[in-house]
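I'd like to ask you about the structure that follows.
Letters A, B and C mark the chains as written, and numbering starts fresh at 1 in each.
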Amino acid sequence: MKLKDLAARLDCRLDGDGDLDISRVSGIEQAGAGDLTFVANTRYLGVLRTTKATAVILGHDAPAPPCAALRTDQPYLAFARAVALFADSSRPSPGVDPHASIAADVVLGDAVSIAPFVSIGAGARIGARTILASHVSIGPGASIGEDCVLHAHASIRERCVLGRRVIVQNGAVVGSDGFGFVPLTDGTYEKIPQPAIVVIEDDVEIGANTTIDRPAVGETRIGAGTKIDNLVQIAHGVSVGRNVMLAAQVGIAGSSTVEDRVILAGQVGVAGHLTIGQGTRATAQTGIPNSLDPGSFVSGYPAVDNREWLKSSAVVRKLPELKKRIAELEERVASLEAHLASVASPDERRGSRE
Amino acid sequence: MKLKDLAARLDCRLDGDGDLDISRVSGIEQAGAGDLTFVANTRYLGVLRTTKATAVILGHDAPAPPCAALRTDQPYLAFARAVALFADSSRPSPGVDPHASIAADVVLGDAVSIAPFVSIGAGARIGARTILASHVSIGPGASIGEDCVLHAHASIRERCVLGRRVIVQNGAVVGSDGFGFVPLTDGTYEKIPQPAIVVIEDDVEIGANTTIDRPAVGETRIGAGTKIDNLVQIAHGVSVGRNVMLAAQVGIAGSSTVEDRVILAGQVGVAGHLTIGQGTRATAQTGIPNSLDPGSFVSGYPAVDNREWLKSSAVVRKLPELKKRIAELEERVASLEAHLASVASPDERRGSRE
Amino acid sequence: MKLKDLAARLDCRLDGDGDLDISRVSGIEQAGAGDLTFVANTRYLGVLRTTKATAVILGHDAPAPPCAALRTDQPYLAFARAVALFADSSRPSPGVDPHASIAADVVLGDAVSIAPFVSIGAGARIGARTILASHVSIGPGASIGEDCVLHAHASIRERCVLGRRVIVQNGAVVGSDGFGFVPLTDGTYEKIPQPAIVVIEDDVEIGANTTIDRPAVGETRIGAGTKIDNLVQIAHGVSVGRNVMLAAQVGIAGSSTVEDRVILAGQVGVAGHLTIGQGTRATAQTGIPNSLDPGSFVSGYPAVDNREWLKSSAVVRKLPELKKRIAELEERVASLEAHLASVASPDERRGSRE
């Protein structure tokens, strides 16, 4: 594609020769001749000077590169769209593979694409243009919206509901039984049935091998626009708001509420029955045992304010030194006390013992 | 269902109008007209006063609600049973779907239910009334007991054994190869074959996408009545006792023993070759590097007694302040020392330098 | 098998009766008559004295056991090979099951073994002697090398590449979409397409339900000989070197480089855009926020040098006591200060106020 055409399609200002040919999009460190790359993060500006790319997407303030530039206010977004322009946009043909198993009363929307070994239970509905890859399992009575993509081995259990444009990566499970048991007096546990459902709103993405449990009563809900990475655990009865980001291996225990625009980094854990206020952020591996006010920024285990945690962590490293300084202080104070006792007048010494 | 009939079936004392109609079970905060709800946890007693439920299951000591009550010694258990009464109890019809692949010598018990795309290897046995959902894979020689339920995409590998009434959630794996390798002198690793088996005893539940590895020798065993949540890792040669509870994302390294009635909260890690004594509890994200005596209650990384950890954690937050206080003390002591040196008699000062 | 034959095949020196019959390999604590066991770890030497095994594999320096011995420089390796000798070495017969779905232009190598419900997309290639177990999904254009084993429910997504002798455990996913989104000004996120591929080099093993994401540009790569345990997350654009060991539930964030021979224990997290130098080791649950020099040995959160962490952790447990000692010091110093002020001459006291 000519660089001038790319500039037009990405709504960027072109600095350089518009007739250059671009054949793919690459990372800044790997880019070579014919490649378009980008710098959205100032940390990579240093690499920019030596890039071998043919063109680079840049913010308006970034320094001039040694190649052509596409300038924009939002270089990361322009990069995303450039990737889309060069990606193979082929999608599977509409149609139902003869190796699929679809119950008689299933309602299939127009132009659905159903791969081999897909199983769809009685009473389920599949929205128009939705793609079900191989080995997808749709339980009885489940409802999948329009324009969804479910990758191989995704499971949507009975009666669960997915909105429109939901993407489910491989092996993810929606609607497995919540972990609910009543301890009996003999030390065994009785299972609490988990018949209620999971609702996934529009534009959600669910990562590979992530699990989202159904509850006994009420519902488990993932709000519109929320993105969930791989191997995340969402327990029964959890309510996740809109435009939330949950990184890989996060775990959220039962009945907690995660409000809109929360961002949890990798391996964060949230205890049960909490409310994590709007816009809260937690750094990786944070353990959250209590509810958090909107706008919190937390770290550590148990979670505390991030700045406080940074300060405490710095001191933790110095603890052996601090312990030594305390012991030294004790010696010096004891020495001072002994000295004062020895120089005190007999009257004082007698007095100090009364 | 009439409330008086519910009271009889749940073995509760009825306070209120027995002719009220109940149509579903709900959580205390969502309950409305026609709903039965419950309060088993004193933290929700405050919400009780304003509930819009038609009836509530309560302990004998709980205050009177603004609606009918079903009183019992075990409100949580009565709730579980109420959920079961209202849940759709339909189970798949017995029979083998024509899209299943079952080796010629497989032994199928009475009234098994086998869904599309189930694969059962040579020599396997499936107990009576067991349900295998779509895409379940049963390896050659595996044995599944009676009355089990294996949800979609569960894998039971070759020769592994499941007892009776075992429930396996979607995508769980029983019998994957343990992570065993011998480091060679050239820096590469040689795989140790892992031919031994996993044994799952009666009444175990295994969560979605949980993995339980087979060992090279001996066995991996999960004791009767144990409940395992989603995304849990049980390494090769681990022995888990009876009535153990493992919450989501727990990991147990190779050859460790987890004794009866242990409860590990979410994301806890247990190192290899340890014994975690009976009834031990660990709070979320605890890292356990050493064996623990029966009845331990631990937290933190590395794990220490929970009360000790609570105290230490409280002080960690104050470390920047403590560090400042130590520096101040050092100044004050230095000042005292200087003062004493200045007021000391010439003789004393000379003496102190010898 | 006769013990003398075993000694020859395992290249060990025989101490004892070579005509003894060995029927299986067992762990040291479970071994009985007819069993071969081993001690490679000095911690188990105590158990050696009371073993009921018929023979034991030992280092040359180990004390004499109460049974026959097979002596070698590398007892762990000899054990691994003994397990292989006794393991059922049967492999599935070559051939394609009629219940598999294979696109017309797929290239199958000689003697491949393809189980029921395997799906292979258009343009894919499967190397000679490779085994695809039930429900394996191979995306369009993917390339699987020779002598690989993919267990049930493994997913290899479109165009990804596996080398030779790669083992993929059940439910593992290679090539799911990386977690890449651009935040828009209205608070929503736009998905960045992830069309680039994952490359798995020769002799890699990937654990059950592990997920390895594909990136937008460049590639995700796992180097030759690397072994990855269960439930591990490898994000998009990560580069893992050769002969790396990643234990269960490890997570590596996007674009990080993990160099050769790194060993990460269970539940370790590595942040994005880092370089973890060659041969680095991290103990369980370590959280790594910064790049590490080759040969590092780290622990804790945030990760510090292991010895430093051991010392700090020991002091953390004593923090409540240290806090008390600081408070006591403050009292004693205040008392000294008051005392000195009271004994100071009027002149001194006046002076101290100026």
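Just so it is clear, a residue touches a chain if its C-beta (ideal position, glycine included) is under 8 Å from a C-beta of that chain, and two chains touch if they have at least 3 such contacts.
The model shown is predicted, which means the values in this text are computed figures rather than measured ones.
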Cα superposition of subunit A on its sequence copy subunit B - rotation in ° rounded to nearest 5: 120
Copies subunit C and subunit B - interface residue numbers shared by over half, same or different: different
Gap in Å, rounded to a whole number, between the CA centres of subunit C and subunit B: 23
Contacts with two or more other chains, residues of subunit B listed in rising order: 117, 135, 153, 171, 209, 231, 249, 267, 285, 301, 316, 319, 322, 326, 329, 333, 336, 340
Residues of subunit A touching subunit B in the complex: 101, 117, 119, 135, 137, 139, 153, 155, 157, 171, 173, 176-177, 179-182, 184, 187-193, 195, 209, 211, 213, 216-218, 231, 233, 235, 237, 249, 251, 253, 267, 269, 271, 273, 285, 287, 289, 301-302, 304, 308, 311-312, 314-316, 318-319, 322, 325-326, 329, 332-333, 336, 339-340, 343
Of subunit C, residues touching subunit B in the complex: 24-27, 30, 37, 43, 74, 76-77, 79-80, 83-84, 86-88, 97, 99, 115-117, 133-135, 151-153, 167, 169-171, 203, 205, 207-209, 225, 227, 229-231, 243, 245, 247-249, 260-261, 266-267, 284-285, 300-301, 313, 316-317, 319-320, 322-323, 326, 329-330, 333, 336-337, 340, 348
